[in-house]
Amino acid sequence: MANQSSRQPTITVTPEQYKSLAQQYTPKPTVVKNVVRAFFVGGIICVIGQIIINLFVIAGLNRIDASTAATATMIFLGAMLTGLGVYDEIGKFGGAGSIVPITGFANSIVAPAMEFKREGYVLGVGAKLFTVAGPVLVYGIATSIVVGIVYFFLH
Amino acid sequence: MDLKRMGNQTVVFANPPVILSSYSVVGPKEGQGPLGKTFSKVWKDQLNGEKSWEFAESKMLREALEGAIAQVNVPSGHIDFMLAGDLLNQMISSNFAARQLALPFIGIYGACSTMALGMALGSMLIDGGFARYVLVGVSSHHDTAERQFRAPTEHGTQRAMSAQWTVTGAGSVLLGQTGVGPRITSATLGRVVDYAESNVNNMGSAMAPAVADTILNHLHDLHRHPADYDLIASGDLGAVGLALAGEVLKQSGRDMGTGFTDCGVMIFDANQDVHAGASGCGCSAVVFAGNIMQRIKAGELKRVLLVGSGALHSSTSALQGESIPGIGHAVVIEA
Amino acid sequence: MFEMIMPAFIVGGLICVIGQLLMDLTKPAFTPAHVLVSFVTGGAILGALGWYEPLVKIGGAGATIPLSGFGYSLAKGAMEAVGKQGILGALSGGVEATAVGIAAAVFFGYLMSVAFSPKG
């Protein structure tokens, strides 16, 4: 049965040709549909935020405090909807419409932390809380410091 | 010594090992799919009472392995080797399942091609005279794979249209030197092929060239044609990868015809929102152990080529910008 | 109660559309984490240049609820604090201005993570 034939069967498509084939066969993201959904979901989340601001103003807070309180409330809502297992469904539908608002930031905090609870409360929940929030705070705070320093020297 | 090797990459068994039994356990989503009735057991939820998804996956693999043993009259003490693998780091699902079964254990990793790889290696052990009975099993779990390779499950993200859904499932076969059942007659072990696809949401595209390479060599080594098979099924290329592999083979001079399909395309319906199809070790394992074995036993399929497809990357290599190497392992099963 | 609703809807929706285009039209390695980081950094830079302020005036929550608004608050806080306390304000101002948001995120995030388990 021994039959040591020489090599030859190798696919005759070059990596360059394959790249264009792969592009041709890979379905594109449905950009128009995604954009429309992102617009509506993002818009509605911001409207909810606006209503909460307005309610805080009616309750007697000044505009700036009302806006801060509304941000905290939205974070609470985003975190709770993630815990209830609803936010990932909103995200699947709304894409960036539910990622970009502050509720999406809350989602990115709770989702990994909750899932790593089985790895303990310190190295699981505590550490994973900052999987996405960490980079956001690092780049956000660092940028604000650079802005502050530049502002100091310009004025 | 008379070699049992043919051509470039193929081994032909002198005394083809028998598939004495097969068993499949799947999660609820797989159970609702078009092949739902062909699985031995369907879990009601992803945890099945275990305390974590990882424990659940290991339990699922154990159920599949024990299920295959229970179907035949082979005392578990007579099983010479257990070959198993999965996708998790350090193969914890297999290792922990092996802890319970207490059989001489060989852990194997071929990513999602592990079932075909295990069947090939098990057959080589038996035909080589090193074993009478070999137990082969693999598992994958959607939620353990998501958290290891992608994002936490509750993270609100959109999956790419080319992304595939990891099967929650474990499949196993018990191979024997003698007995009644379909036989594994030859196997073609694949080379690692990398055509520079680096998108982890397009694994089918990453694996298609490797599968095409293995099929091309298999047909060449045995002087066969696609029409010599009633069914040629790749493991988990998905819709995108299957189309790409077909196209690559066509351009390389092999028209696969209509008998070429993919376990990852078979297991879910279009309305199950899985995008390009299924993936994972468990995908080809449960489709083979369930649907394909039933069709072979019913006489519908006489000769089947199962080509397991694996994407050999890790989340670390992906973050570091490496492309995804693919591999394909093929086994021939004849009624 | 219903004032500023339409502006918030339109401005908020449009900011999210920019995020969607970033994800769909760039390479696949651009994840939601990259989107969030880009928005907070972008918002801080636009805030520093004075270009985000008009957006907040027009859109209200539509400009403050997206994460770019968080970046804007960081930059605005840093600049205001520099005006009051000099160079030290560059370090303290951003975090002080956004302290409520950061603390709420950590506290509610922890609370919900402990209270709930993932559905998968």
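Letters A, B and C name the chains as they come in the text, with residue numbers starting at 1 for each one.
Here is the rule we use: a contact is a pair of C-beta atoms (placed from the backbone, for glycine too) under 8 Å apart; a residue touches a chain by one contact, two chains touch by 3 or more.
Keep in mind that what you see is a predicted model, and the values were worked out from it rather than measured.
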Identity of the chain that, by mean CA position, is farthest from subunit B: C
Highest-count interface - the chain pair sharing the most C-beta contacts: A-C
State, to the nearest whole Å, the distance from the C-alpha centre of subunit A to the C-alpha centre of subunit B. 34
Expressed in whole Å, how far the mean CA point of subunit B lies from that of subunit C is 46
Where subunit A and subunit C are represented by their mean Cα positions, the distance between them in whole Å: 12
Can you list the residues of subunit A that touch 2 or more other chains? 29, 34, 82, 85, 94-95, 99, 104, 108, 110-111, 114-115, 131
Return the residues of subunit C touching two or more other chains; collapse runs of consecutive numbers into ranges. 23, 32, 118-119
Can you list the subunit B residues in contact with two or more other chains? 151-158, 160, 202
Provide the residue numbers of subunit C that touch subunit A in the complex, in ascending order. 1-5, 8-25, 32-33, 35-37, 39-41, 44-45, 47-48, 59-62, 64-71, 74-75, 77-79, 81-83, 86-87, 89-91, 93-95, 98, 100-102, 104-106, 108-119
In the complex, go through subunit C and note every residue touching subunit B. 23, 28, 31-32, 118-120
Note which residues of subunit B are touching subunit A in the complex, please. 2-8, 12, 14, 51-52, 147, 151-162, 193, 195-197, 202, 205, 209, 212-213, 216-217, 219-221, 240, 243-244, 247-249, 251-253, 276
Under the touch definition given earlier, write down the residues of subunit A that touch subunit B in their complex. 1-5, 7-13, 15, 17-19, 21-22, 25-30, 34, 82, 85, 87-92, 94-95, 98-99, 104, 107-108, 110-112, 114-116, 118, 131
Would you pull the subunit A residues touching subunit C in the complex into a rising list? 29, 31, 34-35, 38-47, 49-55, 58, 67-72, 74-76, 79-80, 82-85, 94-97, 99-106, 108-111, 113-115, 117, 121, 125-126, 129, 131-133, 135-137, 139-141, 143-145, 147-152, 155
